[in-house]
């Protein structure tokens, strides 16, 4: 649950909050649904009005709710205060460990049935940071999907604040287990260096990437690895360059520069673009271009959740006019 | 932190929340400050933007913040969905046990210093329901205040949902300990029957009260006991009658009937009225009338926290015109 | 699309509109979905941002969108200005005949497939008033459902302004055709008198009902007929009494009186209650009581679309406390 | 300029204000414009953005702005905090004596031209309370209109807070001067008793009226006197009864009872109804009924300014259904 | 009627709409009224609350409503979703052909009376695209004004989506008829090339303009032709350069660059600036500079309708400080 | 009282106002309170709901209200219309001379008590412009503080519109009197040239400053003088460079450039930064850097009143990442 102070006020100055329901799972599922796929979410929501509201919002985004169970009383929340110019935005998390999802027992889910019914499943490194029970559920489900012929997508999404002191050490084995199970991994050179402890003597980010991705792909037998490099030109103007490693070859997209409205969730738009490209048999060049523009558009949209259709993305790739459409 | 859906929408229908910071402590302290006293609050607020916002709101209400410490990351919250007519309002609590207040250690506070500086201290049965650490802090502080010549006020405020199954049994000894320490207690015949396990063969509420209050006052050596009886005439129209037991005599106020805007916090307004009357040496008749009208006005005000001045209450007691003041 | 001026301002006074998407179809489908059934809607929405928004809202309500096609550019709209006290609310329709639904050709739909997949279908007299093409689609689909063993529900919902001068005459044969196809009909004595031209020498509404419903049921071979009588006690207080004719017996619910927040869509809540009772094998007494309370609760909820769960309705039937739930 | 805290918050609780521009002049002129007459306003507005905003709002209401001059820097303002139930609404005036209107010199206006062009002019006792310069302008203009064959309407509207201590004494001669010039006066028995110092030995309001109005009409040679009696049944429910004295005969309207949304400006609606009736040659019975219902409807409308059309008023007089119009 | 989603949400994300009433006619008339002229609008508005609201808004803008008739039930609408950065704004039209204006018969208007009373009349190419009846009304009125010595202004405003496939061919004769009647035409080289089928071998826009405008002026005997060239530097930054052809000479304004808040209606501000300059006898240099800055300021103002006064425009022409005015 | 039209509308376009309470005194006191000092304000607020609201807001900002008296009925107000791009913001003052503060008599305050209790007092040139009574109160208090060993801060803040024609002449002696009493003065070379009539033959601002500040410091025996130079790069982008003259040495901060959200009150943030640096014994280099960044951050915050903590300022000085904090 995202609770955002409207405009540029702080929580102490404000009086009202806009709320919505998001998270990597919601964002990726909704984004691929919007691109024409059927998207299910596997989660547990509280059995109270907060959970009812979350269900409504998730359905509104076009996500099929049939794998969501209802139990417990809490939902992870974060408060968002918008920054302005040189003053950065501020996220304050609360109520996370107690959430219905983080306390749900495994019999809450029907993993076998799910594994039989779906083609592709997406996991996220944020979930991996939660607790042992959740980690174990995650790995069981990944194995079950794999066993049933489905594909596993894993977004490394390492968050230092969630793993705490000495986090990389704690995280390494869990990440390795997930990488071994994955068909498509979202990551960049920093994950390789810090989580997987790979070494490179290159100084530049791009060169490190060229150095390390083949090793990762080889070591963990991962068919496709993709990610982005972000440059913050100024507070409200960012640049983004997507890349994808596949069949021993690293493809970069043209970098794009743009004004930023809402930065959260843009990485999930990139993931959805890669998923769409891979599913539809796009060439690597087309896939990274498509995913990069999908991520760019997600920065211009209110809320965490990408809303662009395939057509919106193609139009933006073709540098259509910026004047109003009428 | 109160998070209220504006208007009559549910959380699932709405998009924005109005937020404020309240609770029995805030309400009573602010109400007595508004009546001309200096009100301090003793609590712990998180050291993050949520705590900053709470501090701002508490200061706005005229509460002196010098006894508030800042620690931890969570604040108890509740969501409020307004009912309409036959559809009741709905409160959903969250993030309560993890709150900075409920996890604060005793060295967080300077109880001795506080005990020396204040005249009257107010405790609430909701706090008593939290956990052993909080209960122990509450009792230590009550004893310290008493030892320094201050007066102790205790509002029974028994909430079944907080004590859970077999709650009355669990609560009894804690309540008795607080009652023994108290100079002024807010309660009614139901607290006597269910928490203190007193028996009466009367059927009518008022008669039970007449039966039981003297026994409570005698048993626990409580100088003053006060409370209210509420009748819900229809969804938006309530009646309220205050009472006060003092010097072996039970005084009832004239009952008042009124339209309800915001019901939460009205009991705290009543408490503040009793405190004000007792502090200022009002007669029992004047005190219960004052407190009853204070509670009535609190039902007509947005938010949990009473805002009436002494003058507002006297005007309403004198049945001043209902036409607009200009 | 409902465009409502917030508060009590007129369109000329206001500056903003709240919008939502509703209609008898949306309301009934969403209400039964909320009662635990799977609800599909059969309609056509424009292929533009207005249609996208309608899709989002419909999905949010838990309606499965798979039978909705996307074509055309218009959606029927109405503006709603809230009345206050003696000043009535005002509805202004626009853009109705040009709507995607009213201009959709039959090949837009897969009637045969739909007829095979569903158990119960609901039609509404408002749709019957639209135009010949829509009327013909409606009857074809009803026949197809019937042929596949499904049940047909028809709500008479006669709107004088839609049929125009001499409307009852124009409408009669179409209504009769629908009645012959129906298993459950929503109507009252006025529909019998004015549309079906039945005569009664009784003066009182209830007696007319007792007189006429058996004739209608007999004539058109309708297993169940249900409806309500509404009394407007004052601008914001209404009374409602549900009834149901089945197996040659007319059952009345206890009348209920209540304060009104939003009157539109309450009849659809009643229909959903009857449908739920019939589907679940409730006794006629329980069904009419359930449906009447469902309709009552719908008057206390923002928007056209009922939101009560089965549990909410049972609680209200048991006269649960009106005080806030916490 | 009216600055109103939305909802039921106080200025200290709120954050935003709704603003509009009103006053007896605006209200009466706009109301008669809405009833089909051409309404001009004679005033001075500040030559700054506040005055620009006032001009826009006045034009929006259908008032012809050609007699409004622009000078000075201030506009009289009042803050409005809505009451709820037993808590009354609160008006706080500010910036009144410094207003452009109250400091405008006479050469700011073209009284002679105005007097030649208009048929009826309306003055208000609130203006009479302002200062000597304004009073003198008011009387000159009344005389000029009279001299050119126009009719003078005067609403006594005595406001104790504006005249201060011993106000009735100060006011008497000014009121008498205006009464001598008037063709139609809005007043009731209290004005007669307190301002004009007339005596009656009757105790009941209505009897006092019957006693005193003929004397007033006779003394000051006033063809028509009209007014209302208001009873506040409860905070939000008022009753109103209009009356009119003409041709030696006192006519009362049927009293009406109604729920109140916004009480300010309802008296001006009554005045506009009397003006409309007199202008259109309605019978006294029809005129008072029309004016009373106009005043009733003005209580159900947001803002000070009446918005009902002649048709709206006739519909309400005929007790049309309270159900929504669609 | 413009229905705008506030902020940067899409219709599917939003919940409220800001509405206003605009269109080339409203914009130009209001802009010239703001520059000190008396502006009438000739149109038909629906006889319902939507039309009432439109009337109020138009009056608020200072437009004299005496030539507006009230008939029918519909008003052309458009929904506006604001873009952000690389995501363009989106306009969705609806209910256009059914509008009161587009279905009004000629006897709805008093063309002869209007033609006698006004000095200058402005027509727009958007209206010319509507239907034959409207086109015929437009031409009759233009001829009548001309016959009475008034001046005719025509803004080409060709909208491809309104004329459809092969639109230029359909439009040509209608445009030519209007051009022959016009004293002042708003157009640029594209209108000359595409509508009037004029040829040029120049490649650059400015050179095409220099080539073609003299031919147009000569062919259709048009005393003054004016227009702008817009360059979109980035999504929110545009440049504009005005020009005017008069007395065989083409005058360009200094180009201006600026940040864009609301792009719609800026062309109408330019037209109003040219009209004002021509009416007041400004030199061509001053007129194009004035009109260009008027258009620039219109981009910085909320809503379609320009609000700058003559003084605001002169200040901006003099590069007054950008710091706040206090 | 600041009354701001939300968004970019003008007062004539808008409907609501956001209000807050500010002014140099509020801003500086609140800013130093936020930096860890105890801040009192010395003022008079009206004894009505407007004053109540001001008290609440001031307390919310962490200002101790014990030196604020309550008297009179008016508060100085200003309306703020936000500019956009090339369109400047507009401030319209009203109700200033009549304010409780400007009409308060000296016995309203306890200057002697205040002088004994505080360490540093801040005065502002805006107050000096009010009237003779206020000027005399200001000087008495400054002398009393000085006599009790406190330090006097004076911000020149010369506002031409408040002093009117020939203002510099009128102001000179009052400014000189304050300068003689001051330990820290906020000013720049323009104050020296125009108010103090000092001459320099330098043309560049910085060189004039280097020329004149030593003379000012010498003449009036002022230990510390500080101020800023602002450059408006474009409408929304400003640059700022702070400076400080102390111990015969003029120190400049690094200039900073930034996007502007709300420009009002930024100078007060600079003052608070200088005060904080001086109080905490920062080096001049650290003090001007700290104050300049404090001022920069104040431009990025909603409202007049700075909200940055010491930590926020240090983070911004260290060029921390602009990406969101989570």
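So that you can tell them apart, the chains are marked A, B, C, D, E and F in the order they are listed, and the count of residues begins at 1 in each.
In this section, a residue touches a chain if its C-beta (ideal position, glycine included) is under 8 Å from a C-beta of that chain, and two chains touch if they have at least 3 such contacts.
Predicted, not measured: the structure shown is a model, and the values here were computed from it.
**Student:** Starting at chain B, figure out the least number of steps needed to reach chain E through touching chains.
**Tutor:** Between chain B and chain E, the shortest chain-hopping route counts 2.
**Student:** Would you mind naming the chains that touch chain A and likewise touch chain D?
**Tutor:** B, C, E, F
**Student:** Write down the chain pair with more C-beta contact pairs when D-F is set against D-E.
**Tutor:** Between D-E and D-F, contacts are more numerous in D-F.
**Student:** Looking at C-alpha means, what's the farthest chain from chain B?
**Tutor:** It is E.
**Student:** Counting only C-alpha atoms to place each centre, which chain is farthest from chain F?
**Tutor:** C
**Student:** Using CA atom averages as chain centres, what separation in Å is found between chain E and chain F?
**Tutor:** 46
**Student:** Suppose each chain is reduced to the average of its Cα coordinates; what separation in Å results between chain C and chain F?
**Tutor:** Each chain's C-alpha centroid was found; their separation is 63 Å.
**Student:** For chain A, what residues touch not just one other chain but two or more?
**Tutor:** Residue numbers touching two or more other chains: 10, 12-13, 15, 55-56, 90, 93.
**Student:** For each chain, which other chains does it touch, given as pairs?
**Tutor:** Between chains, contact exists in these pairs: A-B, A-C, A-E, A-F, B-C, B-D, B-F, C-D, C-E, D-E, D-F, E-F.
**Student:** Under the touch definition given earlier, write down the residues of chain B that touch chain A in their complex.
**Tutor:** Checking each residue of chain B against chain A gives 3, 6, 10-19, 48-50, 52-53, 55-57, 73-75, 77, 79, 81, 90, 92-95, 98.
**Student:** For chain B, which residues count as touching chain F in their complex?
**Tutor:** 55-57, 59-62
**Student:** Within their complex, state which residues of chain A touch chain E.
**Tutor:** 258-261, 296-297, 299-303, 307, 316, 320-326
**Student:** Mind listing the chain E positions that touch chain A in their complex?
**Tutor:** 7-10, 12-13, 78, 83-91, 93, 159, 161, 232, 234-236, 263-264
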